[in-house]
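Look at the two complexes coming up: chain A is in both, with chain B in one and chain C in the other.
Right, the complex of A and B next:
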């Protein structure tokens, strides 16, 4: 059955980035599958009010104070009135929040539960447990996720991290990876899309590299500490010294760019390393196809979409073995290195040798990656999560218990997913968050509930207009939905 | 099931963490082959709290009772309903083929929320670098803090003594300077010993060539100046000298004595016109440069004293007391108590900022305190004394701790007794002269004894407390932590 879904996050277009494009792609594919999706984000400069994007995706830009890097100021309750209005207008059933640093998303999940809606949260990043900022974020995350129906993580490492951070039941955490739009990341030799269904099934020609042909190594990354720019700065001179026919192309900007430039000047490598500066996301493919090897020295990474994009462009990937990266690509596409200078140099050397001996069939990478990651697949799997939390899928199917067991154990709690909306049950869940935090959270929830009652009384539901839906094209093919989809 | 409370950050653990083995996380009635001694958690460890009470099936309740019996009261852990599917295949197993892999690119027949019991949280590490404290080493280490607090107390006592005009400022600064000179003498002797055993390993050499050349040019001038001065006077400024060079090169800084120059380095004197020739001349030039800065600071202080005296005339005394209290607190909290990494390189480069903050706070506190004093001589004495106590004494203490443990303990006991006695004396003779005790030395003795007792109790108690707190330590590390890049800095 189709759902009315609200994606809530601080991060959305016009700001560029991974989470933003994730929300957009997922929403688009869900709309294609017959659901109604709206996006709620805060107002950006020159982008206020209600907007429609391609495919009828409606975006609400709520005016809010932005404090740091597009994150709004966390006011626990002030978002509620307008959020309630939007939710009622659009007849939302499922609220899907994104990104753990977005206060918008956390507030929306809290209010949605107060209003009796199903909630899903997608975590895109990894957090440690040591520093003060992480501890605070983790506490807030625990607050929100105490009463969420389901959580989606982008990799298994991310799932372990989130389960620990928010003390979740691992069964209510799904792993659904990011994906790439393969059409936007095709190799140079690959025919352009849209291809005829069978016409382009030609075997790509293997490119032969002689021992003296130039191999170009591409780095596309923001130049920050946690992206491993220090490793890059240390490794580049050594790689270039031991391999004479190698060039570098570095795209991206950031505070560490100055280190990189100093290194180039100290070693006089300007003719062998090309620094492009900041590159827009649409241009990344054009940079990538100029190279043979993609080097990714990051120190922490939840998923690493960029290495999938690189592999999709037909590049052999050299990356550090951190975070969720080892799960992302098969071994024949990657060379893994420890996050050490020596190991990175050795791994790059190995990759260069493998390319020179023509052992790596990089021309096949694109089609393989296309099969591995697609947004349609992500949307299908997300839909299964929606089915599970709204009770369409039976509990045994979704959580994998045997039916007999499920009966006994759903008696009190409902099930893990279909949690009770009763205030007392919610308070119980929040109370376990900590000695002091639990009581504070309970207080917040009670106030939120009172606010909800207040709003119901002074701004009654029947006085809020229902928004008309965007007229949809009827798609007959590849839609499992029947006609009632379109009556809504 | 979870006999132990679980890992997440806010876990309130009421007993020391026992080694988590795989077997403890498996159900009792598991028939899965148990891989023992893996330090990892099962998913259930993560959900120890935060979920409402659930109705338990009879089997689970029984298992919980068993656990309770075997594990004691703490074993009433969460036996969540979910333990059931450990030994029972999930629904996915019906269509499952092949084993689950922790990979994203494989199209697996498992549901997205499948949690693999074998590999979930496999790489989790808890307290990987935990070093349990022992009682006596901890007590021994706490002497460093005690020393510093005591020296601050002694300084305050001296100020009160001067302020109430019960002690002559000249006496205080004279004794302080004599002590400083003795300390310097000891230090110089130690450095000499060290250099004779392993020449040219001390990093002093890095900063000395400059000093040497600089000081040699003015050495004649310095000589005449130094000799012209009376020994008693010059002894004071010499020590202040080192403050300027104290944090530029800490080990160098303590070689402070301009005043000693006339008596002590006579054997080296002849060498000093050619400063770069040998090790001896190098040390001589070091002393000379110290003497130079000592004189500089001495005269600056002498010139500044009248200004300092009237610095806070328009401020009320209450503000001054509050401010100096605050500044001394900053001094104590930001003091660099850490022990240097190795004997030769005293005070690494990275720790300089908090250390200088602490010293500056103390010097500022003493400056504002000195500005309360009525006469220029008192102001000068107190400021000089503060430089000795807060600038030079810490360096000496640090060095003494490395050189001789016995000396360190002796020094600590003297400081504690001195601070206690000083406080006793001050309290013993209150503002009107009629204190709690009629005989001043008696109150001083009593104060000393009480001070030693209280300090001992506090040291022991705090150490014991810290050891007790250690069971709450729960550091979690895993693949999500940002990796630390290993870079060979020498290459580029």
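Right, the complex of A and C next:
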């Protein structure tokens, strides 16, 4: 059954990044599956108003104040009137928020619940529990997630993190990983897409590396503290000292770029380390295929799409064993290191040795990754979540048979597996958030509800035009799916 | 009661000409006409009395020279007649009442209040905006002004200057509205049709289809 879905996040194109492309890819695939998807984000410079992207994906760039790293100013209620207008004119049924730092997303989920819509939240990042900023974010997250229908995390580590941060019932958190568009990340030797009709299943040839051939190590990352640039600064001179035929290519920009450059000058390594500066996402593949090893020194990472992209390009991956990274790739594609200098140097050495002895079949990586990660699969699994929260799937189907015991459910749940919209039930859920926070949250919810009533009176629903849908093509997939159901 | 939601009226004097009018005025029936006449009468009365009040205040100040009484009635179409009328009015009982009122109100209250009232009185009750399409010539947009003091603003765009006409959406205040725009060649900004009323999608779509159908010559089939 097709849904009308609104993806809400502060982060969307034209700004580059993982969350942005996740939203875009997921939306496109959901549209392919017959749903209607719109994206609500804030206005970027030179990108305002209502726009359409390929495939009829409609994007609302709401004019809003941006304060820090493309995040809007958190005003709890000011987004409501325009959000309500958009939701009504697009006949939205499910609001899907992305990214826990996006205040837009939190507000949208709160308002959507007030308006009686189903909500889903996708968490893309890991957070600590100790520092002030994290505590604040976690509190905010707890506020929003007290009354969300379902949460999606990109990895199991991320799920664990989110469940702890927001005190959620683990059953209402699903893990759906990111994916990559494998066609955009193919190795140099791989035949171009689409494969020709003659079915040239060209078996990729193994490339032999002699003991004196140069091995190039690629690093593509924003140069921030949390991406492990300090680790990189410490490790590069040692790696280069012990392996004479190794080169580095570093792409990306950020506040830590200056540290890297200083390190290069101190050790006079300019001829062996190439700094490319910022690269666009579509150019990443061209950088990656120049190398043999991808080094990912990140200190925290919820998923790490970039290592999947690297493996898809046929690179052997050396990465730190943090966050969700160990779940992402199978063991034969990666060498893990602890997030410390010595271990990173040792792991890189191991990877170089393995490549030199030609033990790693990197040329097969692309096809393996292509089988493991696809956006179509992500969209399918997300659709299942939508089915679950709107009650199309039965509780036992969606949450598993053990969970169907009524005893394991919290008292505030209404009909099996579906969060009740009654204000009193919502208040109960918020009240449990903390001694003071609970009361504050309840106050916010009550004000939000009053605001909703006010808007219903002063901006009546029947005065809002219903937007026309993008004309849909007849899906080719229909017939294929029918066959599948037939087989079952 | 006197205004309604913006609605569309179409006039088609010839097959190649069509005029779309969007207005907030209800269809003119006899009671409505009477009511409108009454409001105009009311406006004129209130406006004149405000002017009289201002004039009495002026007479009380030091800047004015006292009016001289006329011995005989001057000719009707002359300046003197106006002064004669003013003198008679201010010396009448009504004039005395207004003078009394004028002494009571301080000028700091009287001036802004009376100007506000005069402005409010000059506001039009209805907004009417129209789009006239002439095949082979172009389109003319017109939009009534908000006050009676100025006429409607019209703009003619010749066919060869029109690049495109389409319906778009944009944020306006706290909502997203549909609007019909004309893209004019060589101009930085587009021309919005019905800029004040911004009618609803249904109306815009009708107008858009009509304009597309009427403005351009139907393409002749080859052969």
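Here, the second predicted complex is superposed on the first by the 460 of 488 C-alpha atoms of A that agree within 3 Å, B and C clash if a C-alpha of one lies under 4 Å from a C-alpha of the other, contacts with A are read in each partner's own complex, and residues count from 1 in each chain.
Definition applied: contacts are C-beta pairs under 8 Å (C-beta built on N, C-alpha and C of every residue); 3 or more make two chains touch, one makes a residue touch a chain.
From a predicted model like this one, the values you see are computed outputs, not experimental measurements.
Once the two complexes are overlaid on the shared chain, A:334 sits clear of chain B and of chain C alike. When the two structures are aligned on the shared chain, A:119 is found in touch with neither chain B nor chain C.
Of the two partner chains placed by superposition, A:27 touches none, neither chain B nor chain C.
In the superposed model, more residues of chain A are touched by B than by the other of chain B and chain C. By the touch criterion defined above, A:384 lies against chain B but remains apart from chain C after alignment on the C-alpha atoms of chain A. Legend: residue contacts after superposition of the two complexes on their common chain; A:89 is shown touching chain C, with no touch to chain B.
When the two structures are aligned on the shared chain, A:177 is found in touch with chain B, with no touch to chain C.
By the touch criterion stated above, A:72 is placed in contact with neither chain B nor chain C.
Once the two complexes are overlaid on the shared chain, A:100 sits clear of chain B and of chain C alike. Residue ranges of chain A in contact with chain C, taken from their complex: 48-50, 60, 62-63, 81-82, 85-86, 89, 459, 464-468. Across the interface of their complex, chain B is touched by residues 126-130, 135, 138-139, 142, 146, 150, 152, 155-158, 160-161, 163-177, 226, 228, 230-231, 233-234, 237-238, 263, 266-267, 299-300, 302-303, 320, 322-324, 327-330, 338-342, 372-373, 381, 384-385, 396-402, 405, 408-409, 411-413, 425, 428-429, 432-435, 437 of chain A. Every residue of chain C that touches chain A in the complex is listed here, in rising order: 168-171, 174-178, 200-202.
On chain B, the positions that touch chain A within their shared complex are 6-10, 12, 43, 46-55, 57, 80-82, 84-85, 88, 90-92, 102-105, 107, 111-115, 120-121, 124, 475-488, 491-492.
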